[in-house]
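Labels run A, B, C and D following the written order; every chain starts at residue 1.
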């Protein structure tokens, strides 16, 4: 099988490191460059311990990599939104397809972007090209996509839980609540007192209450599933652990349904999905079952009368299904490869 | 000042240990017995390292302690509900006042108790005597109480957050959601694989979804604050840390109000409260600020229009304000002592 | 390539789970049975999420597996020593080669075994067959071995650090000290209060001081490297983390040598080893660099004069290079397969 | 009882925060100033939640505090060594006694200081005044001391373990090894990637191997106990926890002795010490038993023949007995107060 050349920008962040490792081991990918702010001149072997040809690759400065991107089929951007906004058009015009892991191209409404990201929105023509890279929703569109907006970590967990039940008409579209918690790698690599061990170990707290930038992303996508606008409240919490997102989502039943029926509906929705599993109960969904893998694990409970409360619990690894793993899944779909390629050797970190 | 004789049942659990230490150091309390399933014949000094007269006290079997309870002003029960149900009447008839830290006497509706605790409810006459031991709500009634139902840990965090805003008419009584997480000491001392280090470290998960026994307790109390029944969904999560409860509560504004107005209302409600502090924002509420103390820290954010979403975050130490510390606070009120007595030498575990 | 049939006993412990997953994904292995105390009748897919043919395999009771072992080339025993002692002869007489991960066959001196394991030693004829499964020492012997004693976790870390420098005559054989610490998975699956989250989180302590059963194992092997008996003190500590062993070993220089010379000597010793890496300094050796992989990372510092102190630091994942990973490495050597087969897709859990 | 005025420099570090809290609650101390790099103009109540008069005190800039120090009986310096070296003479000449918590005045040999601290040594006349503030060794000298060098955290743990057995002639003075591990607060407040949560959680590693500045401090003090120079190797490790130091020390018996005899000798040495406890075995020494308190817990095991190995395990809270708590203990002795004053309300953080 022919290999395809790919490059990574933002390779020295935690997501970029995961992406580099996944692509270094991908059976069909050939890493052509890994670009980042640090490690320039060091090899992937030295930094990440990767063996084989990808291990010999040296980290390069981003500008040098842009020049090389014209020879790549796809570039993956694990960069902040403002960097992605600048890079993506330059790469696209060189004929290189782009998977962007930042929030730069996820929001179709530019005003929402500017409100939550405090940065001018991407030009509408560019935004119009962007395909939201949630394979469980958009598999067909991904094959032809030139610009993929890889979903946020919280949105991935929330949408996979709520989306199918909204689409099937089980849930009211008002009063959705997503209460979620993430491990500290979700905040990226930090040299700050706030993210020091002593300030976080044993702690638990919220951040960006009622103003988290993933709120409009979740709303937008749930609206697509529901076929109507939804009303959403989202709260993010910081867990004193390395990896993992657990989202507890609340909605109301539009019509009477038992937990068993909702579980069946979810199982039907994900019957052919390689990376989504529906547990028999929400208590069976836990971070240790998914951390280290590209899987999402879901479970649901409800009060069965119409108007009754539905509680959905979903768990993912924020660096994998919530970022780098999903990006590789999208890459596979863009290039017509087996969807699980490069992802099926991942293993849970448990025990 | 004269000391008053007190006794502890269930002294060998985590809550019982906290209670024993607090009472051993209380300036007005004289520990007359500490009863429990283990350590019988060992001294409090040997087990807990306490100095002074309380250190010399030997742990006794519960039956021996019942006989002695007649000479005590108050007995504190850190026992399971079914044990408390059996003990409390025997102690009361010996003239000993009772603070029960289990859920045995918290629910005024016996059917609710039976539904959630899977055990016959206490006799109505006994239940009628029970005063719910949340000083911020019930201070006056506690002075004369003979049987105090010390609040649950999750209810303490949730009620202190939502109660005043319901009482002041800021919040709708429907659609309340309390999404909370507790450290592992909240589950008590366990010799099970499920609570082993390897099964919990790095994990995060829900438990007892839509069937947690603290749900009716929170509802009942919030109903008292609101002056009308409330509709509540409560979800408990298990945090991979030792201590602390953080509750994120969701409600809707009955009338327009800003976060600043809600903060002011909370500050007014707690102006004279020694153990409740209102933070300027929910993001400032975190476990590290309260663990080790009897304090509750609160913060609120909202969408200011009528019908807008309110998010309240509250944090306590589950073993202190959520159990043993609040029991001592109740004891102080029952005996007419300074409310902070025996609690003001506690310190945050941070750094 | 033809697959070879293999079986696992003790498949429901933490080591057995790792072993099952490694073999389920091994390109040349065909899992014929997984036997253990629990999960009998469940599939490997249900328990571990493994896809493919191995996922369809059902856990069986140990006795049923013994009958089947005659059709297997190798059985791997992740069982307690007393179980391994009973199982191994029965399997060997059925023509099945054995890799035992317990301490049953590691000590060549039966009296040492009885002293440290409090159990009658294996019969000398059986013991005489056992090959100590440290590939870096015994690669040649493993090809023909019928009974392999897979090394202990602490011994692996200690021997890989001290062995080559003893063999090369750099170190005195008296006064060796190994001070090591292990994550909690090293203690296996436990349903005891002692290993509960609350009793271990944030703690650090020693155990079995001057009486740990890995002491004679380390001594015996270091003696082989040194060509003379060694004198060793070993102390084990329990770290409040899931995985990883870090060993800090102390010795004295027999002749003057710099840290750079010792580092070179170690690098020469491990030049062709796929799973041992020598870091430029002991401070660069840390658990996060090895956990999740089959690698051992080593570093050395010293006071360069003759008689000067040498400090060696080595790190492994206790469940992989310290147990299941090394067992697969041994299996590969026994069957003439690529030594890294089934192990090179492992990845560090960092970040 | 008259209160005495005191001041703290370096009040915004982790040790300075502990010191401020201890002194704010000390029954005889009156905090006159708290000086530090941050929080200038904020009150101790705002920052630390302290009630009472000390809570009203505002943080000041260090220079303003120097002027005020002339009205204080004692200033406590929780500052880096180079700051302490500059501050101490200025305070002493104003008639203010000094307890310095840095390493500036601990080493009597200026060349050792310069070698390990990379900074010019204090003038000999100043150094000559400094009393090493280990009450268990130097209680008498502390009463008159004008300049107290508060011991390092690792030295406190190591010296309390090895000192008495060296003094009683049980141990050889050669070949001492101290292998110790500290929680992350021992590194102070850090805004660096190296000390971020993601880089430390789940990790364990050494640092400053064979070059840690506590090595000459431990040697110097053990030499005083032994009455002869000792030879010492010391290795520090970083534990992924907040607080606590556990030291495992290795020595050889000069004459035959059992563990019971060594335990008795240690108990005799510490019979009247309020803050040192000898456990019946080294395995009973653990961080959870001491963290939160000013106590040191010790235990010993040995091979009883002459020349046999002795293993001593000792545990302290690095911020309390290892820093701020011991400073208050020294303060009490300097001012003729009860030695446990301000320290006996501390409680273990367990459970």
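The working rule: a contact is a pair of C-beta atoms (placed from the backbone, for glycine too) under 8 Å apart; a residue touches a chain by one contact, two chains touch by 3 or more.
This is a predicted model, so every value here is computed, not measured.
Asker: From chain B, which chain is the farthest off, judged by mean CA positions?
Answerer: C
Asker: Could the interface between the copies chain A and chain D be described as same, meaning over half of its residue numbers are common to both, or is it different?
Answerer: Same residues, largely: of all residue numbers at this interface, over half are found in both copies.
Asker: I want to compare two interfaces, B-C and C-D. Which one has more contacting C-beta pairs?
Answerer: Top pair by contacting C-beta pairs is C-D.
Asker: Approximately how many whole Å separate the CA-defined centres of chain A and chain C?
Answerer: Averaging C-alpha atoms per chain gives centres 37 Å apart.
Asker: What whole-Å value do you get for the distance between chain B and chain C if each is reduced to the mean of its CA atoms?
Answerer: 47
Asker: Need the CA-centroid distance for the pair chain C / chain D, whole Å please.
Answerer: Taking the average C-alpha coordinate of chain C and of chain D, the gap between them is 39 Å.
Asker: Two or more other chains touching the same residue: where does that happen in chain D?
Answerer: In chain D, the residues touching two or more other chains are 14, 185, 189, 198-199, 202, 240-243, 349, 351.
Asker: Can you list the chain C residues touching chain A in their complex?
Answerer: Going through chain C, the ones touching chain A are 14, 17-18, 21, 25, 49, 51, 185, 189, 202, 242-243, 289, 292-293, 295, 319, 344-349, 351.
Asker: Give every residue of chain C touching chain D within the complex, in rising order.
Answerer: Where chain C meets chain D, its residues are 175, 177, 179, 181, 198-199, 202-210, 233, 235, 237, 239-244, 246, 248, 250, 281-283, 285-288, 291, 301-303, 309, 311, 313, 315, 349, 351.
Asker: Residue numbers of chain B touching chain C in their complex, please.
Answerer: 14, 184-185, 189-193, 195-202, 240-242
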